[in-house]
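Two complexes come next, and they have one chain in common, chain A, joined by chain B in the first and chain C in the second.
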Partner chain A sequence: MIVRLVDGVPRRALWLAIGLLVLALAAPAFVGDYLLTVLILILYFAYVGQAWNIMMGFAGQLSLGHALYVGLGAYTAAALYVHFGIGPWLGLLVAAPIAALAGAFVGFLAFRFRVAGVYFAILTIAVAEFARIGFDHLGWTGASAGLFLPVAQYARNDLWHLRGHPAMFYYILLAATVFAFVGCYALMQSRVGYFWLAIREDEEAAKASGIDTFHYKMVAVIISAGMTSFAGVIYAFYYNNLFAEQIFGIGRSIEIILGPIVGGIGTLFGPVLGSFVLTGLAEMLTAALAAVGVDVPGAKQVFYGICLLLVIILVPDGIWPWLARKLGLKERQP
Partner chain B sequence: MSADVYLNVAIGGVLTGLVYGLMALGLSVIFGVVRVVNFAHGEMMTIAMYLAIAAFSAFHLDPLLMLVPIAVTLFAFGYVLQAGLINLFITRAEHSQFLLLVAIALIIVNVLLILFGPDAQNVQVAYAFDSFQIGRIIIDATKLYAGVAAIVVTAVLFAFFRYTATGTAIRACADNYTGAQVVGLDVRRLYALTFGLGAACVGAAGTILLLIFDVTPAAGPAYTLLAFVIVITGGLGSMPGALVGGVLIGLTEAMAGLLFTPSAKSMFAFAILVLVLLLRPQGIMGRGTA
Partner chain C sequence: MSALLEVGNVSKRFRGLVAVDRVSFAVEPGTIFAIIGPNGAGKTTLFNMIAGTSAPDGGSIVFAGERIDALPADRVCRRGIGRTFQVVRPFPGLTVEDNAMIGALLRRRHTETARAHAHDVLRRLDLYDKRAQRAAALTLPDRKRLEVARALATDPKLLLLDEVMAGLRPTETDRMVAILRELNRERGLTILLIEHVMRAVMALAARVLVLHHGAAIAEGPPNEVVRNEAVINSYLGVEDVA
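Take a look at the complex of A and B:
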């Protein structure tokens, strides 16, 4: 299986992936606490970006509401923990199906009634917004006052209850990102992956050649939603507080998709690279503005916005396809 | 609560809804012709609202007097934006256009934040607390003026598209892109013109809406979403649909605010959107989509 998986992967890409992995594994030993939190953020966005990429990059369905699945995952696991003392890993077994169900709901509404393109994108926003306002009024999960996880002093890392040092979260997210990367590669090479590609490129033609487009689009949204909910669980236990206003917000949905778009939609390295570039950029802007003594709220976001504009104008397909050409690597192009 | 309360709130909702309709009209015109979804629409509206605030605090000019100057300013903004940036993107994929406009929206929100600060601002016009009483119905003066102004601007816009040569040319671009090019229309200039007109619409709407609501820099994205809900409810690309959708959403929000809690009002707007997408994806007034 493993052998078959790496079959046909360019050697240089394989070495690049392995090299990056070794670097990532060793990183916590060399970086300080601040850099570690930045790396956690990068991995978080790399993972969710990869999950989102399944829907958009593989199957061509533009979801602008992925905060919905993060939020559902986070709230489900946190509420089970706070109210019943059920640990996050068992909570995930509930959270992932709930998020997948929500994804299936959105998918069913959209694909059954032929809501596509822009309409689909806005439907996903609407459902996420609906959940945001709903959770903001739901007393059981703390409503707008927020849901807080008990933070006790920990002597050691408790992997089962996800209580511990940020380095633990770092390695969990690293494992998740690697898993998502390999999983997405396997999906890409699979029969389903080729069906998705056909749907993305020309849905009518895909249908005409006998692909059950409704079925495979549903598969994409369900896998993507379920995967995304795991990031929500980690989010809840890492930050220990949840506010519906934030976690379901459209701003969060946009953050999720910036990485893969900037990195390169439909590519495996894209979400990882995009998340690295964007999070790094944001942190560098913070540092640069602090260094020159500018302390104006909003200044950082203005520069960030300008950088986004430049990237999207200069490298419309994303950074990875451009970089891959430079490095002499070849990946399946979008 | 007596029936009067419901009726008064409903009338207030419809009048506010007319202004929403004008805002959404801008989005609808832009999408109908340029085929780009303006994800910075609400943010452009907050620009207009802050321009009106600046004019009011500096020269004590009533927002209704500023209507035309601000609409013209926003027209210029929209024209330059389309001619300079968005025209590069019209043949690109949807997500690419989306990212472009999200970046523009991000810049607008934060430039406003730097210039005006995060606090809510409004204008205190002399007639802020006046009202008209007809029998047992009481209507706020600000909402009445706002509704009437919205109707006037909308009428002017409809007349422009219907009776002028340029308006006809723009409609031709929307109906048949290739055909418009074949007969020698300068499509790119018309696109810029259309985006300018859409921006002018939302500029007028923002100026008027300031009579009713406060503004914060962070309000932009919420207005963008509201505009989406309205145009899809009414029918994306349909001009009368935007108005109908605006009134419907304005009415729904007002009634939901009265019957439930004001903070949950937009939940009902989103519920309507989901229903419309289910039952009539092309919108109430929209033509069938492929």
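Take a look at the complex of A and C:
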């Protein structure tokens, strides 16, 4: 299976991936606490970007409400932990189906009643907003006062309950990112991947080729939502506090999609590269400004805006397709 | 021998306009059947109803012994009808090979068997050497053949071709005619085509149906149809002047 997966990959791309992976594995030994938190953020956005990319990059369905699935994952796992002492991994077994169900709900509404394009995007925002307002009033999860996980000094990392040093979260997110990357690669080599591309390219022609477009779009949104919820679980146990106002906010949904857009929608390396560029450089900027004693609120947002503008003007397909050409690599799909 | 496709009294109205008016015909398995007629005669509307893109307002469409007039396009394709579009629409951002792959995967679970089949089909349509190119970068004749390839890759029993010759130069038309004839002879593929290019119709079709203002005004072997007075007045005469 693994050998078959690797079969069609250009050698150079393989070495690049392995090299990056080795660097990533060794990184926590060399970086300080601050840089480690930045790396965690990068991996976090790489992972959710990859999940979002399944819907937009592969199946062509623009979701602007992916914060919904992050929030559902985070709240479900956190509430189970706070109220019943159920650990995050068991919590994930509940959170992922709930997020997938929410995705199925959005998908069903849209795809059954032919809500497409911009209207689909608006629908995804609307459902995320409903969740934001709902959770902001739901007493069981702390309503607008927030939901807090107990925090204490831990003598050692407790992987089962996700209590411990940031390095643990780093390695979990690294594993998740690698898993998502390989998983997406496998999906794109399979029947469902080809059918997604057909739907993305021309839905009418996809139907005429015998593809049940409703079914395959549902598969995309369900996988994407379920995957995204895992990021929410990690978020909850990493930050230990949840506010509906923040986690379901549209700003969060936008943050999720910036990485893939900058890196290259519909590519496998795009979400990873985009997250690295955006989050990495933005944090460096923040650190540099702090170092020279300048405090500019919103500097990060301005930086995101500039990055987005530059990418749209200079490399509209994203940085990765351009970089891949420079490196002499080529992903199968544009 | 019963017909592969039987269209019975099919009608379609758009608001007040009757686009297709109680049209009936039957296509025998293994034959090539052509539908001709002036622009706006209802040919593509009729085609879309057979392919499941739109439902008829009345009448029945029976394919291989089963009613298909209530089925959506994807299920019609899975029953064994492949189609092309009048305005070609291959998947523009994908390679030629991937376009054919998508058709081939309809009845094949594994990408490797599908790829072998896709290569087969691309060779038949002289596109194998261009398989790594993006569909958007192809010339119009190549894109037309790619659409036929994609439809063919779904292993249809009946192939619906909507003006695949339009916009082709005579040599390219002859090439397409040769390919279609070969598919029909070697594989027994049944073909239903809409065509304006009479040169292709005469060369290919065993039977021709002439539509005018949504109604069938003549049907028969091509040599008879071109001598039909109503056909000359409504369609061919006009074409000759142009």
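Observations
We adopt the following convention: the second predicted complex is superposed on the first by the 325 of 334 C-alpha atoms of A that agree within 3 Å, B and C clash if a C-alpha of one lies under 4 Å from a C-alpha of the other, contacts with A are read in each partner's own complex, and residues count from 1 in each chain.
The rule is short, and it goes like this: contacts are C-beta pairs under 8 Å (C-beta built on N, C-alpha and C of every residue); 3 or more make two chains touch, one makes a residue touch a chain.
Note that the coordinates shown come from a computational prediction; the quantities given were computed from them, not determined experimentally.
Looking at the shared chain after the overlay, A:137 reaches chain B, while chain C stays out of its contact range. Judged by the touch definition given at the top, the superposed model places A:212 against chain C, while chain B stays out of reach. Once chain A of one complex is fitted onto chain A of the other, the partner contacts of A:158 are absent, as it touches neither chain B nor chain C.
By the touch criterion defined above, A:301 reaches chain B but does not reach chain C. Looking at the superposed arrangement, the partner reaching more residues of chain A, out of chain B and chain C, is B. By the document's definition of touching, neither partner reaches A:245: not chain B, not chain C. If you check the complex, the residues on chain C that touch chain A are 51, 53, 72-75, 77-78, 83, 85, 89-95, 98, 101-103, 105-106, 109, 111, 114, 134, 150-151, 154. Against chain C, the residues of chain A that register as touching in their complex are 189-191, 194-195, 197-198, 200-202, 204-213, 332-334.
In the complex of the two chains, the chain B residues touching chain A come out as 31, 37, 85, 88, 92, 94-96, 98-100, 102-104, 106-107, 109-111, 113-114, 118, 217, 221, 225, 228-229, 232, 236, 261, 263-264, 266-267, 270-271, 273-274, 277-278, 281, 289. Residues of chain A touching chain B in their complex: 56, 62, 64, 109-110, 113-115, 117-119, 121-123, 125-127, 129-130, 133-134, 136-137, 144, 250-251, 254, 257-258, 261-262, 265, 296-299, 301-302, 304-306, 308-309, 312-313, 316.
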